[in-house]
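Listed below are the structures to be examined.
Two complexes come next, and they have one chain in common, chain A, joined by chain B in the first and chain C in the second.
After this line comes the complex of A and B, so read on.
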């Protein structure tokens, strides 16, 4: 073939369509390890209960004396009753919506704010980024629980305040993770080309960088949901959550702990439900990050 | 005719402080010194030199990614020495840059149609349908099947990806495309195809190229004019034919000699000729920048005095203490060299 012949031939589309593993939901499900399937099923049940629970729970959450106080588990009261004779199982079911809702709202807010900060910081580069990176490092060293107790103690607790406060703490951590992921992307030439085109910074962050860090964002969301369940549960347990008689799990554990030696059920029920949710979320996160080729950065204590 | 791009007496220094915290200033080292050249409409000018010679730096300054510390960059008689953020949208459109590595210049998470759609949407007011049509045309312009638009970059070969990158630059309908080593990462047969494509696009659309390369054969075949850079200095400049025939600047001579040839009996680089002088890493700015490696080193004059710029013809000049006539005489045996560098290409056409 003559090199200087001007119009070269069209590159023949010799490439076959990429061959991939069998597609379809079923094939994907079959490839997953058993733990992941079990964990997903557990999470699905949690969500299902949260959505439909109030319609089929055997008793209203705050009805007194549905049976004898401190009744042990029976067919009438699957998890027994508490000191007021309220049905622990019904209270768990009713409280689930609150626990999951607050956790998802917190995780969602923290991921949105944290990703935005992390992406913009990485896009700015140079000294603004370095300054912001240092500020984030300083903020990360602030112990969240102490500040949360201080703020909620002085301003009074509300759902909005709790969610925004916890989301703020989490957003700092999300921002550092997303910034680190984005810093690997901003050096790519397609980002330089977008800059040369004169694209505004939010457009570069959103169109060019975000799609390349989306798996990190997803993993952060899943991870933060688990942490939020624990953290908000902890706040409720300490009395900085909703007021009685709200069937919040943390609050239920607190209320029941006085009688734990004689009647463990009112504590065990919500404690196990909380633990199950957190463990399931954690295992779920681990697996999806594995699938997405990321490693979850585990914080020592949240 | 007025040139499209004119670079006058350009100095560029990387100040070590860029991208660092404020108040931390480091000594700035000039990597490009006193470079001047022009690129006319419909013309291809090549910058050649080894890595570190400042060729990419010059392209980055023209694109607005770096601010020159001295000198002017004129585009259509307007000074465009400003950073890219301060430039007009029109200017962003008229100067496009194509990078060496298409793996990095195409966003791996976007389909080809989305990659090509962005400049169309950004620069032109076109309907969705018109844009989709244009994307098909652009792919055809770079000899790709329009159906490729539905693919992701990783589903294309390296050469195809570089074509898409070129199509992305064409989408903006530029007057000047800065090609930064765009064929270096491709194998020889794909290189030839891409170079064909560049010539064809130039003939069709009258685009000018500033072509940066280290492969002399590629440059000789594509460029009308050539600048040979060493350590940020223009050592030799002229038309493609002039630079690739006697007299050569000693550095050009060395570049031509270092082109690998089938003759294995000859060493790649005649190190012995430098009499044990080492690469001028610690060049103090005195004398000729190439003095420490020069095979035709004269003596202390080369180390002490800045060499004069000698004109061989109105378009051909070189920076050397040795008069062109003497150089030409000394290089009489090398006449075949310049041809040799381009021979594998010439035999193809």
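After this line comes the complex of A and C, so read on.
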């Protein structure tokens, strides 16, 4: 956050310099605490499974009676089978792409929209910024889960609707954070200078301010990805996500719940996979915000 | 004092505007529910004449704006209309469920306050011990694990594998208070764990910064007992942030309670909301959504005021 972009070349990078110090990548990796390395490895495995899983999963996700219904874990069925005799492990592996894809899409969309709004607002300053600040305050106290349930209940659930709806709620929170960060930068001399040079507002927002709040943007993206997994998982668990037989984790937990006393595996598998992903993302966010010198205000959300 | 009053009034005004905006969103969204309410009540094979009569009874032919103001006025007066599914007043239907949810929330809060206070103090005071490091890690994990996963795991462990608690929290079956507390233990603990994780994190960081401040060192050097320094000198200054996070936790409960009620089949307002959305019971949905929104907005307002009250600059101007 030390580079005064206004004095540098105009084509300053939009993303922060990689956090590698001159000593090289290997030295940087060695300096990281063990937990961070473990967490990064876990996240890498999740991504790897999401990308390659469908090629090597032992069974197709919705093939019925791959074994006896409610079969306990065995070599043939690593996590047992569900009430239809579908292989829980295969469904988990196939569903990963969906869970991760939806979360990344939601986080990406919310960070793009939220940052744009926050940056523009801070650049405009004066009454438009005051007004927008007030509007954001109003929007932030709309209960997301309740409204999401109403909208998805009325219009029917679809991937596009879920992603845009959750991204909208998150964008409000991202905009508030980015606006606050940008308001600290906007008073700097190089911004005033850029204004005096007659740079247009989007150029000031994008070239002067964005590089200086990019760590905050990055941390928000990481944070929101975890929250999106949680929020969308909760929606599918309540039955407002993809329809059966989609191998979505939240839906799998919901469907398996009925038979939990006969066979806990169909629930336990996706529940632990979901928890592991969210915890890993949360620890990852914690560490990168530490490296970037930011503190994450982790308030209870939803 | 003038400044403080102005702050409270302006915040309250903002909360009212928010609630109005949310009520508009709720009404508009529920209006989008597929199908015409009259057809929904009478079933698909009702004659057009009967549908027409009922539409008039329900004022469905009036302009949307008029129906919105009628509905909002009714909500404020306590006339919440009739449930389409149960065919009785929404108030009769919703209020007992609301009471159940409030009992669950109160139980969760009653467990949460002593637990988070104790853990917050212990993790801050013994911040260098190995135990605290593990506890802090557990707390961090606790803030991240989704509450419905926690609920499911508790249910699986303490109701299915070890049958210590009933898997269904059917509050109406409770005979006595101990019975009730036993029955609601798992759902309450699920809510408590999530809230405690946030509060402990907040309390620990604020208490550590207070414990490392000069006045606390001074108090220690004066020869006061460690216990007195912590409880009388340090703790009051760290309670503010804890209070703020507690109010935010109450706002969080709105979402948490829906998920937890579904997991434990608890006959509360959250479960009723989900059922009503499935049954397209518009008056019930609207009433519950508005109650939830009001609590959420009030809790956020409370958190804002606590934060403002804690800001020394604002406090100074308020005098």
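In this section, the second predicted complex is superposed on the first by the 279 of 302 C-alpha atoms of A that agree within 3 Å, B and C clash if a C-alpha of one lies under 4 Å from a C-alpha of the other, contacts with A are read in each partner's own complex, and residues count from 1 in each chain.
One rule holds for everything that comes next: contacts are C-beta pairs under 8 Å (C-beta built on N, C-alpha and C of every residue); 3 or more make two chains touch, one makes a residue touch a chain.
Because the structure is a prediction, the values reported are computed rather than measured.
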Touching partner for A:283 - first (chain B), second (chain C), both, neither: second
Chain B versus chain C as contact partner of A:131, first or second or both or neither: first
Chain B versus chain C as contact partner of A:192, first or second or both or neither: first
Contacts of A:208 with chain B and chain C, given as first, second, both or neither: first
Which superposed partner A:274 touches (first chain B, second chain C, both, neither): second
First (chain B), second (chain C), both or neither touched by A:153: second
Superposition-derived comparison: chain B or chain C, residues of chain A touched: C
Touching both chain B and chain C, residues of chain A: none
In the complex, chain C residues that touch chain A: 14-15, 17-18, 21-22, 25-26, 29-30, 32-34, 140-141, 143-146, 148-149, 152-153, 155-156, 160-161, 167, 194-195, 198, 201, 245, 248-249, 251-252, 254-256, 258-259, 262-263, 273-274, 277-278, 285, 289, 292-293, 296-297, 300-301
Touch list for chain B against partner chain A, complex: 18-22, 63-65, 84-85, 87, 89, 92, 96-97, 99, 101, 104-110, 115, 118-119, 122-123, 140, 143-145, 147-148, 155-157, 159-160, 163, 168, 172, 192-193, 195-197, 199-200, 203, 345, 348-349
Chain C-facing residues of chain A, complex: 134, 137-138, 140-147, 149-151, 153-156, 226, 230, 233-234, 237-239, 253, 257, 260-261, 264, 267-268, 271-272, 274-275, 278-279, 281-283, 286, 298-302
Of all residues in chain A, those that touch chain B in their complex: 2-11, 13, 15, 18, 125-127, 130-131, 188-190, 192-199, 207-208, 211-212, 214
